[in-house]
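Just below sit the structures, each encoded as structure tokens.
In the two complexes that follow, chain A is the common piece, with chain B as its partner first and chain C second.
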Partner chain A sequence: MGASATTARGRELLARLGVAVTLGGAVLLLIDLLAQLARVDLWIIGGELAFSQLMNYLWTGLTLGLIIGLAGVGLSLTYSILNFANFAHGDYLTLGAFSGWSVAYVIAGLGTIDLASLILVDAPSSNVGASVTNTPVAVVVGLVVAIVVTVALGLALDRAVYKPMRNSEGISLLIASIGVAFILRYLAALIFGTGRRGITAPSEIPSMTVLGVQVNAHQLTILVVALVAMMAIHLLLQRTKIGKAMRAMADNRDLARITGIPTERMITATWVLGSGLAGASGYMLVLARGTLGFNDGYLLLLLIFAAVILGGIGSVYGAIVGGLLIGITSRVALVWVPGEFGRPVAFGLMILFLLFRPSGLFGGVETA
Partner chain B sequence: MSDFKTSDDGLLQVSALDAGYGDLQILTDVDMNVDDGEYVTIVGPNGAGKSTVMKSVFGLTTYMDGEIEFRGDEIQGSNPEDIIHLGLSYVPQNGNIFESLTVRENLEMGAYILDSVPEDQIQAVYDRFPILEERSEQEAGTMSGGQRQMLAMGRALMLDPDLLMLDEPSAGLAPDLVEEMFDRIDRINEAGTSVLMVEQNAKEALRRCDRGYVLVNGENRYMDSGEALLGDEQVRQDFLGG
Partner chain C sequence: MSTDTEGRSRLVTDAGYIAGAMLLLYVVFLILGTLQGYPVAGIISSLQRVTFLVAVYGLAVLALNLHWGYAGLFNIGVAGFMAVGVYTSVMLTAPVGASPPGLGLPLPVGILGGMLAAALVGLIAGLPALRLRSDYLAIMTVAVSEIIRFTYNSNTFSQFTGGASGFDSIPPGPIRQLLLQDASSIISEPTPLGAAIFQFMEFSGIGWISLGRPDTINILSTLLIVVVLVLVYAFLVRAVNSPYGRVLKSIREDEVAAQSLGKNTSRFKLKTFMLGCALMGLAGIMWFGAIGQSSVYPNAFRPEITFYIFIALIIGGAGSNTGSVLGGALFAGLLFEAPPRVATILTDALGVTNAPDTIIGALGPIASGQLTPMLGFLLDNMSQLRFIFVGVLLIYLIQRRPEGLLGHRSEIAAATDLSVRPSQSKGGETDE
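For the complex of A and B:
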């Protein structure tokens, strides 16, 4: 047997071993999960887990995953069309959240609460009473403002920073975007302060119990908005001329140019879509958590990257599926690990997945 | 008129062109012309700058000096996005289809600059290449080499161009498909479209074209009718393998 044949056999064995270990681990976790649900306790296996608790993890993971997925679509689009990973994307979420909730607060509390504290999203949340049922107009207008402001921010930053660097290497753009991220983050800290604040009023959010899970109106809002947005993105990319041209440009930029597709207009469209989705995600992250801090978008960015990479970087549909997987994993992981470890587990899933499928879930499918 | 041109007011006129990539100059003083309805081939050894001529026409290289005129308008140094508006289409050798788009979407992109999708033109391309109609909803990247080449040409024909530029259309095709591909190009030319083609398969290309250029080291070496070049002892020995 030649050396190369031996190596190939060795690799195959290793791969098989990897699959075996992974499958074994998965089966163990599943058995443990079932044992916990059945309240069986055998040595390291089992424990006590209420079925409603598991469903609750799944549901909150789903809402978080939808937000990560929407943000991931924007990140993936800018990556595939502009050829760089935008590290400032997370801070677009933060800026979208602050601008949107600032306007929502002004609408909700105008006349009864001091204007400055409303604009700075500083007023006590229980006094403002912001919720989708209590102050529906404020919440909806806030969402629109979050999108519009983030789009304006994305376009302005493209003009000021990324456009002059259009022909630079991806790595230079990436580093520039890290700079932009710092500027945005500390701009938010400067204007709104560094304290984490409650935004929505918990007492004003109606909820009901479905299959033992507490489902509140804000989570339902996230579900509806995210599904509508995803359907709209799908139709845009598959049915409209500009969407098809965006896919064409992501696929093969040189060919797009000689076909007469206007590069700059497509880049503008990409920023509008990507930034708009980032603004909406940031705004809805507050609906999911009830609180907002100047670091929130940045902290979520790692999970967004994980989702995009898991889904296959450059793929829009991959970003959505990756977002759901990462969101749900980070929550369901709480069955086995304490709260602060949900994030590493999500990354573990991503790494494990990439070992078996290096190009990601939808890798090689590009934007289609 | 230089030694390497047959007219000074043809469809495409390349005059004393210097071009390259960044600081690297590839073409020196290249003269070339394609007249209305003509079928012109560029042959020459690897690295002679054959493809660079086409890329330069489409604004994809660094322009240094000289002139490129299309229908009398100077186009050297233009933006690649604008060239297609003039009635030129270009099929690069590699990456000449949008792999993740369907066959039909590829054709639609070929007519991007029009306000609406020209259904009659799509049908005309389907009539010319029936396999594309059969595969219209298939993802382009999943097709065979020959089908991809047809799609690339179909995409380039969507605007019914005056001049079609083809870079190595027979590259990577199975031997039995090469002949078929050349037949298709003949028919496109017979329908009135001028053709400028770079080919590695020099003998076959020269047999079929009206006129050929031999490019060496980024400079003009010979220009004559395809037949005359095939008959030239020196050209045969140096460039056509005897």
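For the complex of A and C:
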């Protein structure tokens, strides 16, 4: 009895200590950042950092964060409503990207380039010349197709895999989702091949310099599409009956059921929203990077998980904020660590949250 | 006394299962080798490779089974702990002057050091993580394993780890050192023991078996790993049937109940986590280290390999040591190693030449009733197809048979079998 009380107190102390150390570290890094910008050099802090470099990190981090955030909304909703961590979510992004860009390529290059290589997104990117200014119709239609195909995929997979397992515990569903991830990833590899390919034509993307940062049209597109999507999600959740029901489900499933919210219909709505956003963010990931490989979505998955955990599982707004934080952290971290550690730092941030604040930033506030 | 004979009969059944599985694998690969027209030495070396994969998968799956099957800890960072084990062991044993340099210590020290390092990483990760919900633990362990991989992969530390291209200066394994005077060169003068063994293996008196030095060394190294597997298996069987193992099973079934019986469950979980991590380190050392493949590079430790090990465990049945080895054998042999070879054989047998490169090129001829191009395309892409099949199998298993092949067998948690009650106990009230 006494022993367990001691360990509980010790644990609490440890948690507090952890939070203190983390905050202290963050403050130190902030001071260091300011010192670096001011070109001050004091023992371990300080150094030289161009302001434009920092702005560049922030901007690329923001675009990546928007993509992660949008993908995170779906993951967060399925996590809380269906009660499992969907390890296939990243591969929904991949499938969305491939299907969307396949159609975009066909529209952009029809008549001039061999159809088969267009469908397989295999034609040389400079010949197709896909970009939001050069082939606007193709890019927009591609985005819509990416969303539609991923929604269909999400619903089909729910029916085939997850529906028969509604009453299973989370870990069983998680394992099933690993199986789904394998199927989707290698299906993409089977159809589209395993090579990484350039998709957009770099020469066709106009860009300008704002505050010392290269801002290109595709990054602006991501910003606009993401803001529109977030606004739409906000209105859906706050103004419509289905959105309110969804929030209620995410908040407390049993309570929601008692008030007569139809569970199955809500689950369908969740998959539609989540998969659609996953497809859109997969498609936009290509806009941000210019390239696509069959592993891309899967490689982003852990960052999406990080965003969802940061924001608090079940919180839609949390996922968006978490996505931005993770995206920006993984880029701004490069002020202090070499490029290859951007991702590990983001994972580290997620681990800190899991340990010290598993309910996330918005946990407790929930989706309201 | 009855439990004693029961235990013995179970041991015999288990040995039977594993022997049966191995026999099945050997027959399959014998047939595959014959169909492909391999020479006898080639067939033997393919059997050696299968045995090697079965053994290393067995080691890794056993370690994971200790975590998930016995303690209920959902660790999907296996790859990371294997990486820590093998990297530490090669860093300890590599020659001092090599690049990347090592400490030049003997292999046993390297193995122990690697296991200790993996256990230590397990301690650091597990100390805070084991109180988390199991899905959080899953996400955290996979993140830890990725951080480990990125660290070994990074340029920053490449003077110690070799960076993305991996660790080059792996010293030769113990079998080479035993058989060759200069272990680093396969054509060097053999030791007296080596001379005898090589002569025996190269003996072509029967007329058809003659194994060269590389094959001989590989076979003996694989046998060494099999011995390690048997030792680990025996250790785990003993451990989970000890009082310690009974506490573990009680934690898996009902942690609160175990706590209320006065067991410090978090300490048990932490110890088990560290032990399992050490065994994962050992599996990594045997798999990629000097005795095994002798190639250590970061991308061998992607999360995929964790999932393969997981699938093997689910096939065999979580919570059963014999099932773990069996699942490892079936996954490594039938799902991983066999499909590409079956594809080669079928491609030859069906006379599929110049199969289309893309799925569209394969779909076109179907319209005109030609199925061979599609078949050829699918056979060419067997390495992708097998993972699609693995995914389907995983979903099927978790939906229809989550207990795997052997996980249904109840292992008795109590010291004596409580289900067999002596007949005189008629004290209970009947419920009518």
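The rule is short, and it goes like this: the second predicted complex is superposed on the first by the 318 of 368 C-alpha atoms of A that agree within 3 Å, B and C clash if a C-alpha of one lies under 4 Å from a C-alpha of the other, contacts with A are read in each partner's own complex, and residues count from 1 in each chain.
Here is the rule we go by: a contact is a pair of C-beta atoms (placed from the backbone, for glycine too) under 8 Å apart; a residue touches a chain by one contact, two chains touch by 3 or more.
Keep in mind that what you see is a predicted model, and the values were worked out from it rather than measured.
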Which superposed partner A:Ile119 touches (first chain B, second chain C, both, neither): second
Touching partner for A:Glu340 - first (chain B), second (chain C), both, neither: second
First, second, both or neither for A:Ala248, with chain B first and chain C second: first
Which of chain B and chain C A:Leu355 touches, first, second, both or neither: second
Greater residue coverage of chain A in the superposed arrangement, chain B or chain C: C
Which of chain B and chain C A:Thr240 touches, first, second, both or neither: neither
Which of chain B and chain C A:Ser203 touches, first, second, both or neither: neither
Partner chain(s) touched by A:Gly260 [first = chain B, second = chain C, both, neither]: first
Chain B residues within the chain A interface of the complex: 58, 60, 80-85, 90, 92, 95-101, 105, 108-110, 112-113, 139, 155
Chain C partner contacts - residues on chain A that touch it in the complex: 7, 11, 14, 18, 84-85, 116, 119-120, 122, 161, 164-165, 170-172, 174-176, 178-183, 185-187, 189-191, 193-194, 302, 305-306, 309, 338, 340-341, 343-344, 347-348, 350-351, 354-355, 358
Touching residues (chain side chain C, partner chain A) in the complex: 74, 128-129, 131-136, 138-140, 142-144, 146-147, 150-151, 153-156, 266, 307, 310, 314, 358-361, 381, 384-385, 387-388, 390-395, 398-399, 402
Of all residues in chain A, those that touch chain B in their complex: 241, 244-245, 247-248, 250-252, 254-263, 365-368
